[in-house]
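Each in structure tokens, the structures are laid out below.
Heads up, the next two complexes both have chain A, just with different partners, chain B and then chain C.
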Partner chain A sequence: MEYILTVMVLIGINVILATSFNLILGYGGLMSVAHPIFYAIGAYCSGLLAIHLQIPVPLSILIGAGIAMVLSFGVSLPSLRVSGDYLVIASIGFQLGILHVINNLDFTGAAGGLTNIPVLNEGPSRSLVFVLLIAVVAACAVFLVGWIVEGDYGRAITAMRNDEEAFSALGRNAMNIKIVLFAIGSGMAGLAGALYAHYFAYVTPEQFGIFTSAALLTMVVVGGAATTWGPLVGAVLLTTLPQAITFLGLPVSIMAPLQGVIYTTLVIFFLFARPQGLTGGSRGGGGLEAWSASAAFRARRDAE
Partner chain B sequence: MFEVQNLTACYGPLIAVNDVSLSFETGVRMGIFGHNGSGKSTFLKCLVGGVKDVSGAVVFGGSPIVADQVHRNVMLGIGFVPQVQNVFPNLTVEQNLHIAGSKSNSSFLEEAYALFPLLRERQDQLAGDMSGGEQQMLAVSLALMTRPQILLLDEPTAGLAPAIVKNVLNSLSRINSELGTGLILVEQNVLAALDVVERAIVLKGGRIVFDGASEELRAKEDLWAWF
Partner chain C sequence: MSTIVRVENLHKSFGGIVVADDVNLSFETGEIVGLIGPNGAGKTSLFNLISGVIPPDAGSITLGDHRVDQLPMHHRARIGLARTWQNTRMFHSMSVIDNLLIATRRYPGESLARILFRRRALDAFRQEATEKAVALLERVGLADKMHEMAIELSYGQQKRIGLARALMSDAACLLLDEPMAGVEGQAYETIIRVIREEAQAGRAVCVVEHNISFIRDISDRTVFMFNGCVLASGSVDELTRDSQLTDLYFGGEHPQ
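Coming up: the complex of A and B.
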């Protein structure tokens, strides 16, 4: 029972992560890989604040999410000014850089991880209560993103993603929209991280590396980029799938690479065969089409 | 009044516009011609600050055009219709117009429909599903939504059938005569465009090689030698 509840917590965390990543990648068309680092920032900041400053856990969770949101400007402001492509590089650099720092500082627990993080709630049915809480937060995340992309602002986001040059030619500021989307998405990832830290009471740097980036990308692509429910479907599938594989009892030396292979295969398969993902309509792809569209545009221009 | 002084625009080592100076009134009808790669699109983009690496000055109505601040520059009263992807394919016609109009008076939607009645019929259709000519009409309407004093159009008739070319160019003339909106027209359909504009400029290798009345260019026996 405890095992199932733990898996459900992980599902909830991943729904928040995939949904917020979808806001950045799917709707915003912003090619960042660094989503897990904002997850890490939320987890570490909240954990450290609660450990060292005895800040009440609910408050430290909110501060952790806020710090992730504020630090997102450190990536988005300088890189988006240069160009959208630059964000990919800047985000990888930021992710690896921060992980390197965490790995080498004593007070973050270095490579061994941060332990003894105060938990959010205690008591006999602590996991059940936490599952309910995370379900509510995950539902709020899905509805928040759904609400942002509906209506006037959502139309502006779609237009900005369709074509930035045409969008700014109409007097609209594409940069502002991107920076806002990136900040909201990163703040949500920070929230997920803080919740994770105060449930499991333990985080390690390796949880937030490129492998997690790949997992989140797979969830968004498989579920359906730029759809409301896609990331939720993707997160549920891709959180339960590895758990199911665990039951096969394969040795770790095979398990770890196998997961990587499965993720990569799924992403490549879906990008080519079903870019709209499992839940998307015929016109899906969202931000992913921004890559193919700009590639097509460059090919056409270079051919001229 | 647009004033361009010693404008040079580069993409890395490539000089796309080379030391161009010229000025024109806001209500002008001017054509910019030249073969592929002569710098027409780059020059047009510079007029709204769409090229980052520039030197020289562009001033519109007394206000400087700041490089890389297209969204601010156009609000000075410049409508810009880019050469590629100038509508939002995943939005309906009406949603397209709303994006453009959200910063100005939305009653202008009706004026756009009055100008291009076909757009009203297609208002719920996705822009990406419309024909090339219909997309150009939408693109022009989008630019008009910001109530510009002058419209910059980059090859608005590219890829259109000859009958539709006339149609689009006639609409542009009408916008000029009815609303008083100036037209800067980059065109490959030189002869059709010369009917619409009063002044013609020919670019070659990023420099102006001809600047005069459109009649003068048309009368040149060696018209094509200029390109």
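Coming up: the complex of A and C.
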């Protein structure tokens, strides 16, 4: 039972992460892969505040999310100057740079990780209560992103993603939108990180590296970029799939690489064959159109 | 008449390719200027420089009373510049009407905070923008396509949508890059009429076109560009009488 609840917590965390990543990457078309670093910033900042300053956990969680939001300038400012592949590279640099710092500071626990983080709630049904909380937060995340991308603001996001120059030439300010999308998306990732930290009481730097970027990318691509439900579907599938594989009883030496192979295969398969993901309609794909190799998408891009 | 756009001593090159070589030009209110020249002359680049897609190497651009050559694109647009694109550049995952709504002056989706706290005002802006967009689509003869995806229409129809989209903001200056490409039949007359009406409303219009008879029909003054230089300015007939220019324009192949 405890195992199932723990998997459900992970699903909730990943729904928040994938949904917020989708806001930036899928809807915004902003090719940053640094999303996990904001997850890390939320986790570490909230954990450290609670450990060293005895800040009440609910408050430290909010502060952690707020810090992630502010530090999103680290990617949104580069995104004003460069886009596409260059932004991918700039964001990887930002992610690995901060990760390197975390990995080498004593007070963050360095490579060994941050331990003894105070938990948010205790008691016999602690996990169940936490699952309910995370379900509510995940639902709010899906709802918030759905609200942002609908209506007039959503139309502006879509237009910016379709053609930033044409958008700007019509008097619209792409800079504001980029900063807002990164701030909200990164704040949500920070919130997910803080919740994670105060449930598991332990985080390590390796959780927030490129592998996590790849996992989140897979969730968004498989579920459907620039769709409301895609990231949720992707997060549920790709959180439970690795768990299911563990029941096969394979040795660790096969298990670990197998996960990587599965992610890679799924991303490549979907980008080629079904860029709109599992839930997207025929016009899906959002910001990933540029990466998609499917004939229909290429044709449409070249028609521009 | 007053000057809307003034371009002075403008220079721009990409590596060895000079796209603006000491360009001096101005566009006046109510005036339609035809901009002609062979492919690669730098006509589109001049529009890109004026609208802010590319920064100049030297020179100045003023729009009304504002020096705009260092301003970002959206500032220039808000001061009063609108343009169309040679290759239409529709927002491809959006409907025709949504393509137009984006261009309205008081766009209701400019900020999330305003969406939360100023719902009423925004409803009015949206209403106003929608009515305007529908009226413009009627003017270019595409009101029946309003809810179709812009990218699914023909090239000529996309050109007309691009024109309507540029008219959404009531800009003082209109830069039209080959508005007639792919436009045929009745639509051709319609576009001529729309461009004339906009000039009569006091806008400064500059039109790039390869269709010389269209330029002759519509322009008050024609400017000839070659290799980034403005070589001559006058009426189409004056320009076409100059055999040197026609040689440059037609590469000496089609004496006309």
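In this text, the second predicted complex is superposed on the first by the 283 of 304 C-alpha atoms of A that agree within 3 Å, B and C clash if a C-alpha of one lies under 4 Å from a C-alpha of the other, contacts with A are read in each partner's own complex, and residues count from 1 in each chain.
Definition applied: contacts are C-beta pairs under 8 Å (C-beta built on N, C-alpha and C of every residue); 3 or more make two chains touch, one makes a residue touch a chain.
In this text, all values refer to a predicted model and were calculated from it rather than measured experimentally.
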For the three-chain model obtained by superposing on chain A, do chain B and chain C clash or fit? clash
Looking at the overlay, does A:Val180 come into contact with chain B only (first), chain C only (second), both, or neither? second
Is A:Ala244 contacted by the first partner chain B, the second partner chain C, both or neither? neither
For A:Asn162, select first, second, both or neither according to whether it touches chain B, chain C, the two together, or no partner. both
Identify the partner contact of A:Met1: answer first if only chain B is touched, second if only chain C is, both if each is, neither if none is. neither
Larger contact residue set on chain A - chain B or chain C: C
May I ask you to decide whether A:Leu170 touches chain B, chain C, both, or neither, giving the answer as first, second, both or neither? both
Once the structures are superposed on A, label A:Tyr153 by its partner contacts, choosing first (chain B), second (chain C), both or neither. second
Chain A positions within both the chain B interface and the chain C interface are 152, 155-156, 158-159, 162-163, 165-174, 283, 300, 304
Chain B contact footprint on chain A (complex, rising order): 152, 155-156, 158-159, 162-163, 165-174, 283, 293, 297, 300, 304
Could you pull out which chain B residues touch chain A in their complex? 36-37, 48, 50, 70-72, 74-75, 79-82, 84-91, 95-96, 98-100, 102-103, 126, 139, 142-143, 145-146
Which residues of chain C touch chain A once you look at their complex with the stated criterion? 51-53, 72-74, 77-78, 82-83, 85, 87, 89-94, 98-99, 101-103, 105, 107-112, 115, 122, 126, 149, 151, 165, 168-169
Chain C-touching residues of chain A, taken from the complex the two chains share: 148, 151-156, 158-159, 162-163, 165-176, 180, 283, 300, 303-304
